[in-house]
């Protein structure tokens, strides 16, 4: 369904052209002639070309779609929350899911040490990057397949499921052999070739919000994955780009309850990338939980000063222990 | 203190001119010649013209101030939190302060009814607009002085202190006769003539963040008020403007803990203006408290459909009761 | 006229409430029931409360105004271009109007020297700030009334009309005694108290676009001035705030032809504030003229390194001479 | 080279840790102790980890890199303009290069008809999408390889070189078999896997600016391609995302002269995507040329109302003829 607003001085011919195209496309127009201008309501499911077609016609001021462009993602399509089970961890259900780990897998000692801490702190899933999208071609790009092997080793030692990023459609199969959840990073959130590829596997996908995606576009990215057959999609707010540069990005905290209204998919928050500053991770993590997030993804490192990437936003092990305790108390208070 | 980065191909003459001006202004330059380019550190308090002067010189690539431009506002200047006492309500201390009320004072019945609810719900201060800055000259502009009188009446009936907006330097004195706290709205946050005027009175001022102000600029606006002699300034994050239009503004949740780090002033959050949507007010209010806000400002209305302004973002009385209960539980859990 | 889109699961009661309010307000609703949802068209001039009222009702997903909120400003209201005559200079007509001068009036020698250059370069109007809105309370705030007197002196010597900024509703009368055009700066573009005041005088007003105002809000600010009786409004695009910080602001070049479509008012561009960098002023000035600007406002200074404000964006006299020549050639080529 | 600004209350131990790491990494620190705080200059080429390492240390307020992060892209590395020769068309030289064509290749008749117009209008290169990145999985995604064949046919008939987008690292080789220039779209501008792949071929690449990339990030994307061995990179400003939604994006006109200062690579402008509105394409195209663009990329269609994508921003053939004439006149006037 869409609304076509004609210009104030649109001619009868202009209006006729719109009506003709609408009818040719198999829709029913409802014409309302006001004192100032004519408005045409078009009934039916307008997904497809008709919006674009009508927009180009003479005398048309604007076309306003009134249906949402996404379908499988929407709560209108599925009322109850989607709960995804990953090796016994339920994501999107009644309890909070905590993912933690280093930005990058750096070596065996590092990932095993951090994995043990993540486990001990009471988190549920281990994160760690093997393929890293870096803004500079001269920065560390990740250990690649070796990183995947180390993640598998850490899983074996701790029992924690692992999540890691995939950046190339070619490597989806490879990454899916090792990871329990595949992550699509913010810079690839509109990499449709990649979205289609992860839509064809049967492993859950965490899709981070692009720093430039509004909510509708973001949900359309999830729709890409679902439209290709993979319904196990986890959303993750990680900050958008704004004029404020004090923080790395601006956490769009309202997006969390909004997505819960619009969609049945689980919604996480990533306070590490949203803020880029260690000291802001705990307060923003708590805020996300208070706003209704289903889970958190947090970067932690024993020696941030030696981290090969993003050390400034990693919290220390003792900060993770404290944060998990605080979040549990908060979470209990809210659910009461 | 500032850093002057010279261009790669800056000449010796270019460098000399910088040194000369720096010394003329009474500062000491420290020159570091690198392989690629020369960098000049300038020691001393560079507030004033020297930054701008040097920026215009030939061969200068950029000038980077390393001191913060604000002083009285900074936590470096004052370590302990500022606590402001308003008719027995302590703002910025160990307990959360809740401000609630309608967007506009509309008539006696309306303001008294809402004031009673605000009191009963356990909130501490009553808000209500008498002078309204509206984007359209054809919208309701507030009751003016009559609105101030009605607020005073509501205070008399409930004992709640009142806060209301001032939009014109001419009216600061008038508004200060009635209000316990004067509010500067987001659109006037860089109205320096108004800031100077409220800097000269001895009533607390709540300064909302401009929707286009970065944190440094925002704190400079508070500095304007303090530099004029009024130290009782309350800050309030109310959302910034971004590309996301699903919400009225984007609540910059990280700003709350950040301001607490940078400044000793109390920080509030206004989830009503930040979101513009009733259903998002409770989750975003909770998020702000979890992030460390000293207080909240919330719009409430018994009949939002009859509100003369901003009805869509006002919560209902029963929603306010529930929200206050939830926030108290949350607040207790955090402070444990 | 407005469109009310109901939620997918809106009840018949929800729809009835909307129809009732619409009719109570004196409008005629047109109901279109689609397969998915109901849409209600409301005919008539909906300026006023009805949009806000309906937005708060249960079952309403969104309300879409289809009329523009501004009227006097619109080209629908007045077809032909507004041409404003200032001491013999026609603004908004078939020839380009060039305004140049320093950011601030600093002293007699400075303003007279620059005024002579501005005149000699072939520019038409002299700019110079006497009351300066500065982000820091510790920066130079302008010479005040003495600055106005010096501008009047420069006008006397050169014959050039003068434009200067007004920042306080109190000072509108004072500034109007000296200036030929009053300027409202970007930070005051939504200072409605000030807009109303300049709406009551009979001198032209140049209204700069706020750095966070979208076009509709910007035109509403002009509507404020016109609704108060002053029809001689000049618009000026001076850059908006975006995530890109390499330039001081981001010149919204498309706004120039867009405003010419939407409004009959003259549109200027200010490449000095838009870029903040001397080397970018000439190319961006040319771009603005190519995009259809009616005029330019450019900062010039003989000794930018001694300027008391904004020296980094002021071009030198010889750069102004060259720019004016280039722009004339460009302007001739376009009009051919 | 970088500057490390210590916190006001940094301890001697904090400073020592920084000095130690700087020296371990093989750099020379220069310490400047001011009254307020200590600043440490680090000489040498700091590309690599040292910036990140230092940022995580205690007592460090901020780290300011003073070298640019890109090298091969910079004008400091290569003074003279890069000129790229594509089948006899020189790009980046003294004459303007005009690229035009439909958003998508739709069928043989359409592309041949438009190609003939593009040729006749005096444009130099034909554009047309075969692989289309669309925000909806339900929209037309392009003809794929068949589209490439049709482009090759159009080249054969007209002699015009062709440019088309590649969206998947897998398809780079395929697209390079047909296209004379490969295009990387805005949504893939930080798809590093794709950038690396086009960096390995020996065909020119047009890299569009991401709608959320600042200039430094954008130039780093070009650096990715060059660092992989392909030096024939063409940049293209196509609008960034801002809060202004009247236009599809906001053309960052200043970026054109700025990139010309920072880099030796050719810079184009795409007024079609920047504005999204047919009526704004001609004025914004002229503005880009006036600002110094080396070329333009323009969407044209004989029957925009039947276009399978982006019809609203395509100009008509007669508008293209007029625009090319206007631009030639403008271009002549500027170069005089």
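In this document, chain identifiers A, B, C and D correspond to the written order of the chains, with residue numbering beginning at 1 in each.
Just so we're on the same page, a contact is a pair of C-beta atoms (placed from the backbone, for glycine too) under 8 Å apart; a residue touches a chain by one contact, two chains touch by 3 or more.
Computed from a predicted structure; not experimentally measured.
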{"item": "Chain D and chain C - chains in contact with each", "value": "A, B"}
{"item": "Repeat of interface B-C, chosen from A-D, A-B or C-D - more than half of residue-number contact pairs shared", "value": "A-D"}
{"item": "Separation of mean Cα positions, chain D and chain A [Å, integer]", "value": "26"}
{"item": "Intercentroid distance (Cα basis), chain B paired with chain A, Å", "value": "31"}
{"item": "Centre-of-Cα separation between chain D and chain B, whole angstrom", "value": "38"}
{"item": "Residues of chain C engaged with two or more neighbouring chains", "value": "212, 241-243, 245"}
{"item": "Parts of chain C lying in touch with chain B, wherever the complex brings them together", "value": "21, 47-49, 52-53, 55-57, 69, 133-140, 167-170, 187-188, 190-193, 196, 210-212, 217, 220, 223-224, 227-228, 241, 278, 304-312, 314"}
{"item": "List of chain B residues in touch with chain D within their complex", "value": "1, 3, 5, 8-9, 30, 32, 34-37, 39, 41, 43-45, 64, 66-67, 76, 241-243, 245"}
{"item": "Chain D to chain C touching residues, read off their complex", "value": "212, 214-216, 240, 242-247, 250-258, 261, 274-275, 279-280, 283-284, 286-292, 326, 329-330, 332-334, 336"}
